[in-house]
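You will see two complexes here that share subunit A, one where it goes with subunit B and one where it goes with subunit C.
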Partner chain A sequence: MMKNWRFLAGASIVVAVMAVAAVAPILAPYEPNKSSVFMLETPSATHWLGTDELGRDILSRLIYGARTSLVIGIGAAGVALLIGAPIGLAGGYFRGRIDLLIVPVIDLFVAMPALILALIITVMVGPSHKNLILVLGFVMWPTMARLVRGQALVIREATYIEAAVAAGGTSAWIIRRHVWPNIMRLVAAQIAIAVSLATITAASLSFLGLGIPPPTADWGGMVRSGFDYLALNPAMSLAPGAATTITVLGFYLGGSAVE
Partner chain B sequence: MLGFIIRRLLLAVPTVFVVTAVLFFSVTTLLGSPATMMLGENATPEAVADLNARQGFDRPVHVQYVAWLAHALKGDFGRSFATQQPVASALLPAIPVTLELAFWSILIAGTLAVVLSSVPTKRWAIEPAIISLNILGVTVPNFMLGITLIFLFAVTLGWLPSTGWLPWSDGAVSHMKHLIMPVATLSAYYFGAFSMVFRAEQRDVYRKLYIQVARSKGLSEWKVAFKHALPNAVLPVVTFMGLAMGQLTGGAVVTETVFSMPGVGRLFVASIAAHDFPVMLAIAMMVVVAVVVMNVLVDFIYTLINPQIRLE
Partner chain C sequence: MQQATPDPPLLDVEALTVCYRARAGLVHAVSDVSFQLGQGETLAIVGESGSGKSTTGLAIMGLLPTDRRTIVHGAIRLTSKSGSVNDVLRLADRERRRVRGNDIAMIFQDPMSSLNPIYSIGSQIVEAVEQHRRVARREAIADALRLLGQLGVPSPDRILASYPHQLSGGMRQRVMIAIALSCRPRALIADEPTTALDVTIQAQILALLKRVQRETAMAVVFITHNLSVVAEVADRIVVMYAGRIVEAGPVREVFKSPRMPYTRSLLRSLPRLGHVPRSGEPLEAIPGNVPSPLALPSGCTFHPRCPHQVAGVCDGLMPGLERCAPNRLVRCARWREID
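Right, the complex of A and B next:
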């Protein structure tokens, strides 16, 4: 009951944010990167959320920011899946030496603070859309690998796997036909949670000044620049902060509803 | 027991070496010459070569790493590229700030999580409210919560100082006043995470026979929850508290930045922004060591809390 409600709430939020991102050019009243002489205006009828320090319309940047956030969040979760799932499957299904090699690496990565790791790698490779997606995916793959490995360990003991082996199925075929389909539901949930984590981490990197470079509209960066003008126009940092929170909440609720 | 701990710590040594070596090699290859960084873009090639020779930047990377490691093991992390001061003189004063912030946050988050989740409230609307708080705790980004608190309690109401940090010597009251909002911000996430861990364990404990026995003895739900279920479900929370403490030695990066606290996290962000490699590496090494040591310590605490667990 509660879980069902959670999933619906999460899915509605995610769909809404995606819709905003899709029709951003129609929704946004102004060009998101166009500066003007009307700098640091407080909210008014012409600029609902006011303007920033370069005279850009905050509402328009907020709307376009949804695109940045979704691309990075979903992209990073995708990278984590592409690295983590095969490694987790290999460790869980074949066990033995491969597993002995994989487990300590996963444990070490999971124990490290993700944001610190992301900061170090980002400063080395330089922040750009593509790099951020790769870095965040790289930081998050061990969680994905651990989940897949754990599930694969359980499933390989099932009688239907024994039957498939007895029938002469190759390992690749068994993994594809029997192991993976049984893990997919949990993996889907984990992807949603990974998107929420990547969204928080990407916004935090931007907030710390190491995320998406300007002038791209990006919520974390907007929070950072608005923070200096908190007394003047609180919406300048609180609105993009709220947008980040809602997006994270949506993916998290959707993902955590499946267990 | 002691043998186990020593063995585990010895096993952790190669981990620390591997991680710092990977960091050292990738940073020196990817970040470019520290000499240009220190002398500026317009430095003459002679000046760069001279500095390289003096500081040993012209040696092969593995030689530099061994030299760095030899000094680091003696507590000498070199000099900051940005300030030319010894790394230790920047890092040492930052550590107590971060440790205090982390200690209060984890303690408060852990206590609240365990106590609130234990209250037997199935009949009331309190349980969904607490679960919603947990979910918000793990989903609201630290910067959002921190800025919201500053807006409410510093900018609007003027009750608390918005940023900064004062040492104990400036008086306990003003010291604590500066800590309230950072601790609230940092503990929110851990409150959510610890609660989830605790509740998962609690669900299993409530299915156990001794809970039925306690109930059939006629104990109140409160007694069952706090005297029988809580002690048996608290173990995983202790684990997570320990691991969180290890991770936070690297600083609560975002929280310290929002509240301008002179802790390890803010120092780390500054060193990243300035490409100040010695400071970065010192903090990274500290985190790796702390994470590894806390992992061992947590296993040790297990045996104290639950005598059924024997370490071999």
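Right, the complex of A and C next:
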């Protein structure tokens, strides 16, 4: 329970970011995509963080960017779970040939740097909201599968699993009812970590120009466009950069607090 | 063709052999084990660790691994509730699942880990009931309450709402028994059900099993290494050594006049109540260890440890299982001579 503070800190950050995303229209002083003639203004009372090269209010875009970030992060983690959990469960519970097939595939994926892989696939399929979620999920499923498989391997040896078999349960039923629920706690933690990973990878891709297509407000893209004007208005890059860092940290702390 | 024979035994194990292919060679876990069990009867399978008694129990439940490394021969015929006789070893998965829990149930040694820690006791009993019987949830809960009541559990409703970690070992084993009995099986395999419990709780659980058995005419296979437990619960006893049956018969007779030297040594190694040992008198122990199943001795597998062994007789051929009394079997080349 020494890790309690980590969980609390992480959870508070996540909740805060989610709250900002939820009430973005109320919180944001301007329309995030509305340009004006006041381009590249430095921070002032009317534009707290200044405006970008198209005259859009940076604070408003930062607030709306939370939505994009969360959708991509959570969506990608969800895809990773959807692919990884069944594969991991199958390998860990049934072992044998299925497992012999699964393990090298997982190892292969885990050995490849996620960002590079995501980059290559994105170049092939083209950047879009949907593609980004799918690509990131696809890159991250092996980590999820590996965790689930390892846990399933442990749980399947428990006497209550043998007892469930002895009671006449089908494999599918035993997995659903006895194996999966015992793994879920760790999976939840892994999801949080996956969200943080997806968020940062998505930001990196955006920074490289392969992320969310404009004009959607997204932090990675904002860091990229602010990069050219660092001397003029550092907040243009630093604010979305900090937002990304804090969000990633929140999910990561929350996830890693659960052993 | 229908023959006018008496009812077939409830459980008929015939020439059961279980081998594992290991890297070092073929491991014979169980060799040529046969026994029958009638309704309401209790059979104790006794042996040291590694004697094949638990493997026999798992085979009856159809719980042995089904990979290529496990070789199973023989037949395990079980008369189901519907009256049909099935060979458990040759059932399709679907039918095997129908038999498990329904016709034959099992309780395990360790009640600590045989319950899933994340579900309440109630939901685990209800789930066992729902596995084989189409009943409404409320009915299943009522059933669970009645079962726990029958098993002498105080305030069953409170137990139903508890989680495994909140219960004592004895209580958990009662819950396991309730789960095993929930579908009213015709036979129960009890694999060392009291080994992990305190002696006083042990006695309670044994008495409980006996009572339930009397009420339901259920057959019980009691797997144990504890001879005092055998004396308490079983009608017949099968003694196993290194995967084979070495002696079988009614408990009273075997206990009174064991024929196989191994059984004799086992019985003599029990501390006896009322027998005051002279100071310094050691408790008798069987010298040596159970042989490794990879390197079984030639001839009688017990002969290296046997006080009656005779070179040229005991180390030559494996003696067969002989009938030494109307309902008793013994595997010893010299059983006629030693007394």
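Assume the second predicted complex is superposed on the first by the 257 of 259 C-alpha atoms of A that agree within 3 Å, B and C clash if a C-alpha of one lies under 4 Å from a C-alpha of the other, contacts with A are read in each partner's own complex, and residues count from 1 in each chain.
By definition in this document, a contact is a pair of C-beta atoms (placed from the backbone, for glycine too) under 8 Å apart; a residue touches a chain by one contact, two chains touch by 3 or more.
It should be emphasised that the depicted structure is a prediction, and the values quoted were computed from it without experimental measurement.
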{"item": "Which superposed partner A:L27 touches (first subunit B, second subunit C, both, neither)", "value": "neither"}
{"item": "First (subunit B), second (subunit C), both or neither touched by A:V71", "value": "neither"}
{"item": "Partner chain in contact with A:A16 - subunit B first, subunit C second, else both or neither", "value": "neither"}
{"item": "Partner chain(s) touched by A:V165 [first = subunit B, second = subunit C, both, neither]", "value": "second"}
{"item": "Partner, of subunit C and subunit B, that touches more residues belonging to subunit A", "value": "B"}
{"item": "Partner chain(s) touched by A:A231 [first = subunit B, second = subunit C, both, neither]", "value": "first"}
{"item": "First (subunit B), second (subunit C), both or neither touched by A:V258", "value": "neither"}
{"item": "Subunit A-touching residues of subunit C, taken from the complex the two chains share", "value": "61, 63, 67, 97-102, 105-106, 108, 110, 113-119, 127-128, 131-132, 176, 179"}
{"item": "Subunit A partner contacts - residues on subunit B that touch it in the complex", "value": "15, 19, 23, 26-27, 30-31, 128, 131, 135-136, 138-144, 147-148, 150-151, 155, 243, 246-248, 250-251, 253-254, 257-258, 268-269, 272-273, 275, 280, 284, 287-288, 291-292, 295"}
{"item": "Subunit A to subunit C touching residues, read off their complex", "value": "96, 158-160, 162-170, 177-178, 181-182"}
{"item": "Residues on subunit A engaged by subunit B in the complex (per definition of touch)", "value": "2, 104, 108, 111-113, 115-116, 119-120, 123-125, 196, 200, 203-204, 207-210, 220, 223-224, 227, 230-231, 234, 237-238, 241-242, 244-245, 248-249, 252-253, 256"}
